[in-house]
């Protein structure tokens, strides 16, 4: 029967608007407890609601499954009121028990803590007082209690899962609570989600959301041009510029959530202050680190490497999080000034040798190694620039590109002088700040640390501790900024720039993408799914027609090619047999 | 009535990078039905070329002159369809080196059946598979091989057996002429004797014409009535076997005969006979009689005169100045 | 065969010269091989002379100021890359690295292959059994996959690429050399040399190697061709050294910087055509050489 | 990769004079299988060692960039057995292989075997279709070229083959993408919106297959053409062809019945011998066209880098090559009577 | 005449395909005396080449020993190398026996260089070439094998052997691949060398005519064994062994050839009793029952290497003793 049903097929093709999104990273897991890839967590947000949301306007905590919340004065007990009327997609109501189950699972089950365990590490107890009341007690105050980035799963289904670590969560359609319902997943090919008509915020304006997988961004850009997809991100500046000429396509340039930095080994040491690694001793002097920074033109990097799509580096929290972003003032500003850098180094007694390379205090030429990850083209190009600039201030740089793995190895053992690094940041600054505390340095076995900058400063640690306990937003922001200023003062790394997030969509087909933050924010990779949720079709035409004509064209071409071959073969046959040569 | 095979002034040259290489330089020959003719000569003198020209099997680089008449019909001008009909049914070939002349991936029986089916069942009762199979079995038995060998592949047979298969194949369509090009060269003495005996018997009982090529005069003398000796693309002697073998009129034939001594002949004991000098280079033949540089009895005259076949005896011709120039110069016709 | 009083070494030289000129004569008549040789000569000369003819400073991203992905113009005959460097210049300099990698990797692979092939064929017995097992094992390994694995494991860099290609592509040479050695060893003149009292060294150096080496040489030219393709593939997959300009790495950055989308053919075509030209030239040369050295093929190709 | 252009490397049929014997066949098959088993064991060992040498701590790679605690890291180390001594890891690995368990992917926390199984289908589809087309095209051109060797057809097709053979696969793919504009999809195997019925799925898959397949065929067919051509050329001078002509056979029949079957043997065997290697050609094609097969999986595992996955794909690819080699050997035996009887 | 080389109870075995053992040489006693030319004849595959190669130490005998001038053949590679100065090999196919890349000069000088023979190499080469009948030698120095005719090539091979001034020449079918007209020349050369240098030779051939042409003694081999040995005149004019008789008969044009039936013998399956009996025309023609039983079951003793004609045949021996 499969052959004779074009009419029927047509009918199936008819549903409402489908938003197609190009995906450049595949899905590591559909299990929200295991998923760590950006693509997967975003998918998790589409499928599951969280306790709180981050407002589209400004990333501030907003109601999610919890419609109200309050905390005890010591900030150790939090009580959330779960909204009524929210339902799992199988119709079961969502209750406080589901939330308690989810958090408790993460507390008790190591596998369940894989992806988001850090959010529950201070939890003492999680209890559902009744259907609508959830009480969480923590051992110490936790600043992220209103941005617990944890998808809440239905207890009535997940309590039956025996091994969370092995559970794939691929029973389609996957029961969830988010604006979309996952209906199909073909690894490396596509993901289909249909709108959750019963979503408590209201049904999305599109019927279906599809993620199409592309191995390289260029293919995705092509697909956007051809209308195969409607929304893509992670564009390179060149691609972004090239798409500008297309009237049907609207570009979106948003401040990014990532900062790029140049690590300057300040004298790596373990948690127990045992020196490790072979970083150049000259770098232990903060004046040298600052001189090096002065020799680097971050403005030029933004212009030349990022082609202008980015902002000069300041503090470790990008400007997108404007509350916490720190603006240096006066002497805090790192201005490009080779002359000053030269002077500073001269004053330190590091005179230039005959070859223009300075002689370090230990009597050896000042030669520094610079590592860049070979899969980060921007770092590699920046490296070329930095190498040149360093030469101008009398520092010889041996620039090597290594794999991400090797980079981890080198930085985790302190075996570097200069190296490129960078981190993505969250609306809440706690985690990114915590990385630079003394305790984040590796243990005695060289393992276990997550920092790479080897920052360890008493003042900083104090500021960090204060901001963690401060619940007044304005005061906390001030502390966070001070911490960043302190970081800048100690200068274990130089923040180079914040890349813009570059996105593009078919404005002839869709509009209404909600950006986060409002105005100039991103559509995808938000702290939420406002972008997809807000999307609405333009006019009446859906997508999908293109692929049908495509099929037709393909078939026609195949027929022509086959026919051509057949004709050639037959004519040659005839020719051969006619002049039946000897 | 025309002869079974008649070559008239046949010349064959190969086009090569060094220019035209003359392989056969004017040969006249007649073979009647039922006759056996042996053709001898050293390597490269043009024996195979001559044989292949009879069925127009030479490569495209060959330039052929003169006439090749099979039953009075010129092979050179035949239509390709007619030629195909004549091939195998009219004249067949036992090729030099049976190992390579048989297709290694086809069964013996299929290869034997092939000419029969191709020629519409010639040699069998009809073209029906059963009849063809029967004919194949009979052919195998005729050459002394069991019928089951039809199922065998060439590599499963010994050299002698393969040569028998080739002979059987040559006889498949009941041709009137069989050309055997060095059918025994690669074989061991004993097997050679077996094959020669078989060939002799088959020819004599069926009355077909046989042209047999070899470089071993003694082999030819056992099987053939008449012998032809070639040198540098020419026929230098032609006559009854015994005469050519024992009273050769051309010095080259003499040397050739002496190279295969008779065991027990005191004359050749401890006295190997050889011919000094090298075989001629076909692209650069010496002037005059091409044999004169190696000829033990050459005269001044030999250096300038290129001698054609002369009548030495009524049935015996040779191309040597020593043969009295009494009868016609342009002989070649048997009497 | 003329001069009266020549010393044996003079004789040997005369012989070699004659053999070489004969081979050259046979090579010369093969038009495609000759074309390949000329192309190679031109490309090699350009590559060698690049530092003389061009300004290498223009390869430095910090020193150039062309437009990003600019189309061909008077200033930039083949346009610019995403960093504003001249694609013509990049392609030109890329030839140096691509050729170096191709040649070194091929050489490495051919040397390994020859040694293993000759030894296993000459000594036979268990030596051969082990070596052939080894060769067969490597022969079945998908060489690209192995090269990928190797370049993942080893430090990134040209040397790694060379090593990865060299270590994975020798088995076919070993097979070829082994087959050729076996056929040489089966010739009666080897038996004669042994009957004359010659030992292993004599047989290998005086008979086996001289007759195997020309074929190895032809094989090398073919191996260079595949090494260059392998290099570009590894670079394209991101396993190359991003600080080195090779044709493969150019194509990678072209692909990842939107050359296809923007239709920047000037960025995509030159390195690709460079690869095709060099590989084709090496292949044509190799085939012509093979034809010269292997009479079985003569006049057929 | 040049292998095919070098003569002499062609599998020479072992010269044999013996008669057929069934015990010989059995011994042959067992010998081949034994050899294959050893090879696969080698591959497994090599795969293990190779990726164990990778610098860096996989757990750090795994956790980098997101909140973790030292405890969680220690947990991961234990979960993936990274704290065990090497020999124990190896034993676990071998034990796993024997039970069909390739380990768990670092990146996807899924059984590697399962992930590989998912990708085998698309790769087979691409490589299978491509190979069939390439073999047909290559053989046909090769046969014609050899038969009319020296003709214009021969010269042009040979030059074309050599040129295409010199083209890097991925580059051709990129060019095709750039040139075909809107005719074909830019990537993937099937459009998610295509109805889940047989015909639409088939057509859509075919539509997606066109470009990858053309790329694949263009680069691969040349080998088959050149092999077929030289193989047939080698047979062209054979005496049995003259025998066939002498029997009065028509030229095209001589070619079909005698020349081609003989020339086909080495060519077909080579096709199989190289089929395994051809799979790796799929890596670049799949990467360029986002074709969801093994090659793409390898590429992804590579960029992570996901050790168990790399190891698994490597083992499976190499194992398939070994298997294809055995098939090639056995085929030769089935097809060539000369080898069959040993 | 004193003994030069002597094989005692020599056996050579090969592992044939399929695991069977081919007894290529299976108990041979053979002597070549100084200055003597011995012809070894037999049909293809009977083990002639294997015997010749084992005499040069090129294959290890499975059993038995070889003595050269009374001394057993050395086993060390050094000893063998020294021995190979004394005994030289000439192969069937001169085209194959010369490296196509080596000039005539190098081919002849190869042995001299291996053994580091003192003296002016050039003179030694020239001398060897002219002895082999290539005169003037200088004309040939630079020539390559492919520029020479077959006869000339064989002379170069012989010159290469002569350059080392050996005492024994073992020639394996030295003229089989040559044109009929040329072979006589090469044979004459062998005779001349024996005359001039006192060179002893073992000439392997399948051609009885050749033996008649040049040999003093002839040894007829069948399936790894000698079946008849003796002076050429005796063996070839009055053959006693049925196999020799058959061989002779197929050569002559006058006699009705005795064509032996059956396939060529297979050294992996040597029949019991007299190894010739399955193909023996005498057995086939019918023998007294007692005699036939002996032929079928009783192996014939190995011939010793004496001066007289010896024959390994039950029937012939019985006839000789009875009268």
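Per-chain residue numbering starts at 1, and chain names A, B, C, D and E are given in the order in which the chains are listed.
FYI, contacts are C-beta pairs under 8 Å (C-beta built on N, C-alpha and C of every residue); 3 or more make two chains touch, one makes a residue touch a chain.
Chains and their UniProt names: B, E = ABC transporter ATP-binding protein; C, D = ABC transporter permease.
Since the model is a prediction, treat every value here as computed from it, not as a measurement.
Common neighbours of subunit A and subunit C under the contact rule above are D. A count of C-beta contacts for the chain pairs B-E and B-D puts B-E on top.
With centres computed from CA atoms alone, D is the chain lying nearest the middle of all the protein shown. In this assembly, the C-alpha centroid of subunit B lies 53 Å from the C-alpha centroid of subunit D. Centre to centre, using the average C-alpha position, subunit C and subunit E are separated by 50 Å.
If you average the CA atoms of subunit A and of subunit D, the two centres end up 36 Å from each other. Averaged C-alpha coordinates give centres for subunit D and subunit E that are 54 Å from one another. Looking at subunit B, residues 83 sit in touch with two or more other chains.
The set of subunit D residues touching two or more other chains comprises 16-17, 54, 177, 250, 287-288, 299, 303, 305. Residue positions 152, 238, 255, 259-260 of subunit C each touch two or more of the other chains. Of all the residues in subunit E, the ones that touch subunit C in their complex are 53, 56, 58, 77, 80-82, 84-85, 88-89, 91-93, 96-99, 101, 103, 105-106, 109-111, 114-115, 121-122, 138-143, 157, 160-161, 164. The touching residues of subunit D, when paired with subunit C in their complex, are 1-3, 5-9, 12, 35, 38-39, 42-43, 46-47, 50-51, 53-54, 149, 158-159, 162-163, 165-171, 174-175, 177-178, 230, 233-234, 276-277, 279-281, 283-284, 287-288, 298-299, 302-303, 305, 310, 313-314, 317-318, 321-322, 325. Residues of subunit B touching subunit E in their complex: 42-43, 158, 160, 188-194, 197, 215-218, 221-222, 245, 252, 255-256, 258-265, 268-276, 278-279, 294. For subunit E in complex with subunit B, the touching residues are 43-45, 149, 151-152, 179-188, 191, 206-210, 212-214, 232-233, 236-237, 246-248, 250-253, 257, 259-260, 263-264. Taken in their complex, subunit C has these residues touching subunit D: 32, 133, 136-137, 140-146, 148-150, 152-153, 169, 172, 175-176, 179-180, 215, 219, 222-223, 225-226, 229-230, 232-233, 236-239, 248, 251, 254-255, 259-260, 263, 265, 268, 272, 275-276, 279-280, 283-284, 286-287, 290, 294, 296-297, 300-301.
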